[in-house]
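All remarks here apply to the structure that follows.
As written, the chains take the letters A, B, C and D, and residue 1 is the first residue of each chain.
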């Protein structure tokens, strides 16, 4: 399925969208940019930390609420669009449901297990309890209310057309986000044959019954890293931080890198992909699934 | 290499690395703590392990430069690549000996703000938020903060307690409120090291970095800063510490002035 | 470390022991038999379903309490030693903390996350709520009390000497049992070099900081199956079911297969290993962990 | 192959397989349901998927014989090999269309006992316990029981409710008590098929297996069994159903008399 079709069909206005769930790696920037191009509105974004993608979606006016532990630019610091939205309602007012990394994970596990909340000791003594209405305290514990995304968008190294994904490297809250979501959109570096994915069912990330779209989008996570494929493009994050300092600068960045870009292939032509590509391969030892 | 040729960030990394004890399981935050872990592992803490909230455990520091803890060199050779909630489980069980948290504002009791300056409903500055900071503050056995030493950062009262330290400073505040770990042990700034009493309470000035004075520290601190009985000079980074820092941050991404 | 030393040092009398956590596969029978030989007493056994191993430990008099969802013989039915213990206090009285499969998993996740309990909707309407004091009902939910094993004994396909284990096939409640336990004993088909385990950190089952012993014990899961190594020995389970029907029959079985057997190598000489060995290898596709 | 040459177990498998609808996600229990899934997948439900509590999802039935759901042929080619709690998560979300549970005792409202006969504190028979039975009973959308038809098994009141069915049989009992799924739809025995009204309540005799009679069924049932308006004869296994059963259980491990 094309990225445009996947976003059109499965990310309507008002959706609750989990995206960027592996923290710094595997961020589905290509999907995020398509959401911006299709001018989605009133989204609730769900994630642990977001390394620049939430900032871009907020700056583009797509977002009504953020449910996350951290929104900014991991190597550069503050998220300037996030600041403008929270401080000045530019381009629109933003509701924030604060979490810690642990508590947003628990919120998704609560949804995955279909219970109203899960208890934890984290956040005791934190003012986060005052600003997030989905957190409550009782019996000496914090009760983290379930967060159920309408859709989780997940970038992986490889997937087959039936929706079986292989991802590796640290997975953050990807598993619970996918299990909690009603629907999963996979974007992948490589679209592979079923023989590859089913050769290792333990590496299959999620049940295919959750997956509604598989989008073959090489480089779809740039500038974030993808183990075995791409290094992180630190300079791109730096440039974004600098240019997004002002609303005008962000508008120019957005026009140049998103709005005037029809698709990911065009985008990648402007990136020094060669300098980012991982060329030194280190393959995992095989597991023997023999059964007879 | 002359000992005077180091940056404030290099000194902070060296000081932070000395907080890591051999055998510690360290919850390594972003930026300077990644370097501090690498320095300690190569010096006095060869059997320390690092736990990263992205979902990694390591022994050896990553061979390549890290812009984030999720960069590919931090994954290659990891001892465990997993879900964040599994890393948090270890911390919730009290298995994390030391955590690092960066802060935008801190008060005398070590309470940290990384969320809002001003009213959260209409902040004057929206900061990125907790990330794993609140989790480290509440669940790790002890933790250390690194920050720039400015009056607007070391404040009488933080606008918002993202990561609770010793609360109102009264004895037993953390236990009474159900917080699991021991709380902040030190604040490492660009000017000095502040330390907390072992069972909580108010920070005191333990050492001043070379080239700085107690008066300068007090002038840059909003509250009336308590002094240790004997305020020492912070030992500067050793040659081997500096060599390690520069090996892991060869372009000075984290440790050279912008 | 030898199996004898691992059990001597890390499974004292009175321990709470999670064992057989992957349900039917990878059951650490060799470890269980060593526990019997060392005459451990007053153990609490923790597991989901137990395919014959709990029955043997109960019959041998090692067990004070069972905390599990099911105890028997999966292909044959009832556990005769379990019956005798519950019905006639033979060889001793047994306390049973009943669970369902889901609830024992949650009990271990509660311990792993260090909270007193986790909520669920399963068990509502079941009399299991009446017999297990670690379950309570409130606010329309069941609250499953944490179960924290002193030690989890886990059989895997391969591990290195530092405690990094690779296991594949369905994992049941192994991950939460290992995370919840104070200590983990690994028993493995293959003791491999660090290069093998660290080539695939996503397949590493548990943090090495939990592992206190690695025992190289090929065939240590017989008669249970081990993907890539051994098929299940259905006939062995059938024979065990028949012989353990009476206390005398069980005593004879135990003498023959456990008490008079010094170690696993001797045991395996009496098994038709050739007919059980998996010879048709099916290797997983590699994952590329390249980073530069 | 003559249609009269089948065992009671083969008939039960065929009947159970017909409960599986195309596209269903089936929580497949041990023993006969494994065969029922294989038969359905090869016949009228080619897009069904099986979920196994051990931590597996499959489309194709395993190529080799299964003594347990964790046997190696069930893993090879699986669509997902994972933790049990993930399989349970799908069921808790209502994604499991149909589950199978074996029972030792059942009452007219479909409540199942697989735990204790007699007083749980000093049982006359200790049965193995719930396994995933209680989870399936409470969380799956609908479920079916398979059991031998004997008076001591189809009882007026079960000693212990391991897996709740329609409770006390009053309308809405499950919803009132917070149970998520729709409860038992049918009991498939060695003599007949009992069915429940769509919204719960008491079982009624829907069909009697060839060679058996309503009187025989009633004699082997402890309670006064309700009859459907029209009690049918259970259609016997078709030749293709029998062929599939014998392909997946070539030695009759599950389907031939001991």
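What we mean here is this: contacts are C-beta pairs under 8 Å (C-beta built on N, C-alpha and C of every residue); 3 or more make two chains touch, one makes a residue touch a chain.
Keep in mind the model is a prediction, meaning the values are calculated, not measured.
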A-D compared against A-B, more contacting pairs: A-B
Which listed pair, A-B, A-D or C-D, duplicates the contacts of B-C in over half of its pairs: A-D
Between chain D and chain A, distance of the C-alpha-averaged centres to the nearest whole Å: 41
Distance from the mean Cα position of chain B to that of chain A, given in whole angstrom: 27
Whole-Å separation of chain centres (CA-atom averages), chain B against chain D: 57
Chain A-chain C separation of Cα centroids, rounded to whole Å: 37
Junction residues of chain D - those touching two or more other chains: 56, 71-72, 75-76, 81-82, 85, 88, 92, 180
Two or more partner chains touched - positions in chain C: 106, 113-115, 120-121, 141, 168-169, 171, 175, 202, 227-228, 231, 278, 282, 289-292
Complex interface listing, chain A residues touching chain C: 106, 113-121, 141, 157, 166, 168-169, 171, 195-196, 199-200, 202-203, 227-229, 231, 278-292
Interfacial residue positions of chain D with respect to chain C in the complex: 30, 52-56, 67-72, 75-76, 81-85, 88, 92, 115, 120, 122-135, 137-139, 160-164, 167, 174, 177-180, 253
List of chain A residues in touch with chain D within their complex: 112-115, 164, 175, 179, 198, 201-202, 204, 206-209, 289-292
Of chain B, residues touching chain C in the complex: 25, 49, 56-57, 64, 71-73, 75-82, 85-86, 88-90, 92-95, 180
Touching residues on chain C, where the partner in the complex is chain D: 22-25, 48-49, 51, 68-72, 74-75, 77-79, 82-83, 85-87, 98-103, 105-106, 109, 120-128, 130-131, 140-141, 168-176, 224-225, 227-228, 231-232, 234, 237, 278, 282
